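Please go over the structures that come below.
Two complexes, one shared chain (chain A), two partners (chain B, chain C).
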Partner chain A sequence: MRIVVGMKWVPGTTSVRIDPKTGTLIREGVPSIVNPHDMPAVELALQLKDTYGGEVIALTMSPPPAIRGLEYLIGMGVDRAILVSDRVYAGADTLATSYVLAKAIEKIDKEIGKVDLAIFGQETIDSSTAHIGAQTASWLDWPYIYYAHSVKLIDNNKVLVERVLENAIEDWEVELPAIISTHMKALKPRPVRLINKIRYKVEKPLITWTNNDMKLDPRCTGLKGSPTIVAKTVDVPEVPRKKVVYKPKDGEDAAKWLIKTLMEDEKASKALIKALKEGGAK
Partner chain B sequence: MNNLPDLPTKFDVIVIGAGPSGSAAAYLLAKKGFKVLLIERGRGLGDKNLYGGRVYAPPIREVWPELDKEAPIQRWVTKERISMVQGEKVITFEYKAEKKISFVSYLTQLSQWMSKKAEDAGALFVTEVTIDEIVMKDGKAVGVRSGPDFIEADVVIDAEGVNRLLLERLGIVERLKPDNIALGVKEVLKTGASNIESSFNVGPNEGVAWVIMGDVTKGIPGGGFIYTNKDSISMGLVLHLKHSMNFIENGKFDEHVSKLVEEFRFHPYFRPYWKDAIISEYGAHLTIEGATHFMPSKFAYPGLLIVGDAAGLLLSTGYTFRGVDYAVYSGKLAAEAVEYARNNGGFTYENLETYDKNIRRSFMYNELFKHRGAELLMNNPVMMAKYPSILMRVMEKMFEGEYTQETIYNALMQALKEEKVGPFDLISQAFGMVKSL
Partner chain C sequence: MSSEAKKDCNVCPEWDCQNVNDFKNVWVVGEVDENGLSEPSLQMLTPANKIATKLNTKIVGLLVGYNVKKYAKEFIEYGADEVIVLDDERLSMYSPHTYARTIAELAKKYKPAVIFISATMKGRELGPYVANTLRAGITADCTDFDVDEKTKDVLLIRPPFGAVLLAYIKTPTRRPQIGTARPNVFKLPPRDPNRNGEIIEEKVDYIQKPKARLVSRKLLPINEVPIEKAELIVSGGKGLGNIEGFKLIEELASKMNAAVAGSRKAVDMGWIPHEKQVGQTGKSVKPILYLAIGISGAAQHMFGIREAEVVVAINNDPNAPIFSQADYGIVADYKQVVPALIKEIESLKKQLQGA
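Up next, the complex of A and B:
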């Protein structure tokens, strides 16, 4: 099996501060990391390789610092990594990004060998769109399945994918080639291995493709290929909390105290009455 | 792919830890043609600026003569200050130095520069890998194990730093005791280069190293520090852990340590230096005090050399701290011993032992024992409180008389009386103090 696994290099925290003047992320002092939700995808790819043999190729579209993330994945056991990087890819939304990724997968398929599966994480911690897997599948016209927990090969051309939903576990037969997005809690990633890190340094299994290699129409990539417009960002103001702790005797006492306390507050009492009316209560 | 037949699994030397000591050893050995594997547990990059401080250049220049030109130096220390604080009263000494022998640097940046040097010289440098064990066979270190991977080497150099998990596991050293540990709390205050240069009155690449004693620690042995980076000021406190615990147990101290730093930051004498600054980073970490107790009984074992902080090579004289240059220098001595062994019949214990001998002969070892008294002194709450207090009273009597002012002699005698110290005690203790410093 030849499996491509997607990786995004993201600021290593969910609490990145936003500059109140410019509305942009303050990245200073925030080291980047591999998007944590990509880790189950990498682990799934490596487990499939462990079971069925083949090759795992990590793929990212990013400026060159993402090489450090690709190195990490090679440390985990990924065979080689491809960085797709060019100025004309900068400023891309998910549509333009998935376009480049789909074209890169096609290029891998043509030049390196037939791709059976591409696996992505559920979403990224810095934008949380969960678009990339679905959009890449659309560009390639491959079947797509998400929230995957496990994958089994059932014959040469078909996998059985188990997805775990809130109230159901579903098994799907999916024809290959296909795109899968893993559930963010599907699998625990393996640690980096010393021998793989040595391999990274000795063999340098890393390829960089610029647009000279990709030969994509720049109107379809980067900012130009991105129809998404960020109209406005609003910084949600922090609500000052009252920080009151009440230890009730029982449930009735708790309810009474809560209603009494809320009714004493002008804003809260209005909201409470409105909510009760809308809810049909008297 | 799990068995990788073409990959090297045997090196001449494995260095554990890519801090200053490990990078120096790896650099020098790689330059001499040794096959070196340098392993770092961290990410090996300079994202954080919290860990930093003053670094002494001369021993490092012996390894990297290009240091002054190339290294990520924030500012050269050209001014030394020592202050004693009691409430709002402050006595400050300043010394303007002539030579540039020390500089302020962010440790992650400096380490990164050094490990890059090692890699450029030919060492194989890997990051984000934790070593689980130094593998021993027949009493000799033969390599390292990380998870399922065993990598063999003729010599292992342990540069794992203060937290010596590997040496503990081998039974070479014991776990840290509070007696040997101090807690450092630090804030990085961003204020801009021109602000620093005008408020400290220093040139564009020049800066200040400042030690503060007295009230800032509420009497807990330790002290405050301030030093200047390029466009920010690092300030904070070092508190001896054992004494802090005693203070808490005796009810003499019941505040969070961050509160102490806050009070220091708001002190009216110091505050103007970081007026309008923003706190860009803050944090705490443990450092070693009383390094001579911290040393392993030997610096060389069969197949194994111990360098840098792990070897207890950290000097605290009470007014200066040095560790980075000692680390680099110990790395150099380790590299020389490995080279000596290769040229003299192999990596036998007898040959590697030259490292142990050379450490004990070096300026570092001598210095560490010479200044041991200073540590004892700085660890003595009475000494740390009494003398500043006497001096403060003398100053007060000399300068704060509203109508009359005392002569120095009278001021001193009155101050001694008020502090209940006899003049002869003062002289004998002062003599003892000078001797140990």
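Up next, the complex of A and C:
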């Protein structure tokens, strides 16, 4: 099986700070990491390769610093990695991003070898849209299954995918090639191994494709290829709260104060009384 | 569209040329499962009503599937002005790929200005597939919608970047404008059995054969109220230190007849499943009373309790940001407070039940 796995290089914390003078986001000094939800996707790809043989190719569309993320995945055992990077891809929304990824998968299919499966993570921690898997599938006209927990090859061109939804566990038979997104808790990722890091140093299995290689119409990529625009951003308005803070003598004092305070609060007391009476009726 | 217009249309050749003025109506995609028309999809009629009123246009419910026509009247009673039904045996099995293509075909024919899809797990796989098939913009997990008074573009409002900011997103040159919102972000509108509306039955010649086939489906028992609907919530975070700490607040919740929830840290530690995570990457809750124990008050968490009526915080760090965003704060070690609180609740319960 030849499996492409998607990766996004994201700010390592979602607690982005705001510059109080300018009101803009401070991104400097926030170290980047591989999107944690991509890790189960990488692990699934590597397990499928362990079981059925073949090759795992990591793919990202990003400015060049994402190479560090790709190196990490190679350390885990990914065979090679492709960075797709060009100024004309900047400012892309999910539609324009998925377009470039889909075209890169087509290029891998044509120039490296037939792609059977592409796997993405559940969502990213920095924007959490969960769009990319579905949109890439749509460009390629491949079937798409979300929230996968496990994947088994059932014959040469079909996989059995188990997924867990809010209220059901489902098994799907999916024709290949296909796109699958993994559930964030599906699998525990394996650690980086020294042998893979050495192999990386020796073989350098990492290539970069710019738009000279991809030859995409710039009207389909970056800002121009993005139907959505951010019209404005505003601070999340503050919720008015009472902000009463009590420093109790001990636990008992705290508990008594809280019950008294809640019973004097019109809304809280109503809800509490209702719940405690109901609790007795059960 | 005339060939003249096509020639002038300087967009990605993968896109069709559009005149945004050709698009009208607000669509709501109905999700049907074993239990009928799903409540989260009906909840999307609430923002649909706001936007349709501002755009002076109609709300159209969309039912795609097999044996789904019977839900059209219910859709109307909850607020759809008309319903487009595509009831076809070839759609008896849901497949994201096939359904998305079919919905996109109908959207190409009817040209809705807006499509709302509930971000259930199915909605989250279907929505972006539909949007992309139409080469349209989509904005996920919106918390509100509005209309730009000048341009009449829909504003799709969501919190990016750790919930410190709200982004107003629009798609000025493409239609339809597609937005999703998570279940229970919007309330179910009232049902009016006297409401009437047109039911349009659609037929399509071609339905793509599914490339993915559901071979088994086991329903999971659901016997708990989802936290989004709970009136009382006891919620724990990193400050609890360990699973024993979390067990203690579960005991408190059980005595109070409250739901248990947690912060992202509590989920990361494995103390509580992701369905019970409160915050920007979890659920938005609207209880009357929210009791936050060992939760510091990161912006992402606080975003999920904006609509809680009364917020109580127990934390031993007097500088925890939650104290400036709570109604009642107690600076103390939860290990001292919670057992005492359990006793107080028990005695209050006896009083109330004796009364």
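Keep in mind that, in the parts below, the second predicted complex is superposed on the first by the 229 of 282 C-alpha atoms of A that agree within 3 Å, B and C clash if a C-alpha of one lies under 4 Å from a C-alpha of the other, contacts with A are read in each partner's own complex, and residues count from 1 in each chain.
Note that in this section contacts are C-beta pairs under 8 Å (C-beta built on N, C-alpha and C of every residue); 3 or more make two chains touch, one makes a residue touch a chain.
Nothing here was measured: the structure is a model prediction, and the numbers come from that model.
When the two structures are aligned on the shared chain, A:206 is found in touch with neither chain B nor chain C.
Once the two complexes are overlaid on the shared chain, A:278 sits against chain C while remaining clear of chain B. Looking at the shared chain after the overlay, A:112 reaches neither chain B nor chain C. When the shared chain is aligned, no partner comes close enough to touch A:153: not chain B, not chain C. In the overlay built on the shared chain, the residue A:192 is in contact with chain B alone; chain C does not reach it. Look at A:241: by the touch rule set out above, it reaches chain C but stays clear of chain B.
Using the contact criterion defined above for the overlaid structures, shared-chain residue A:72 touches chain B, although it does not reach chain C. Note on chain A: of its two partners chain C and chain B, the one contacting more of its residues is C. On chain A, the patch touched by chain B and the patch touched by chain C do not overlap at any residue.
Put simply, chain A touches chain C in their complex at residues 13-16, 18, 25, 93-95, 98-99, 125-135, 137-139, 142-147, 160-161, 165-175, 178, 181, 184-185, 217, 219-220, 224-236, 238-239, 241-248, 250-252, 254-259, 261-262, 265, 267-268, 270-280, 282. Listing the residues of chain A that touch chain B in their complex gives 28-31, 49, 68, 72, 75, 77, 79, 191-195, 197-203.
Those residues of chain B that touch chain A in the complex are listed here as 1, 4, 7-9, 37, 39, 43, 45, 47-49, 124-129, 131, 146-149, 151, 280-281. Chain C meets chain A in the complex at residues 10-15, 33, 95-97, 100, 120-122, 124-129, 131-133, 135-141, 148, 153, 155-156, 159-174, 210-220, 222, 231-232, 255-258, 274-275, 280-281, 287-289, 298-300, 303, 306, 309-312, 314, 318, 323-333, 335-341, 343-345, 348-349, 352-353.
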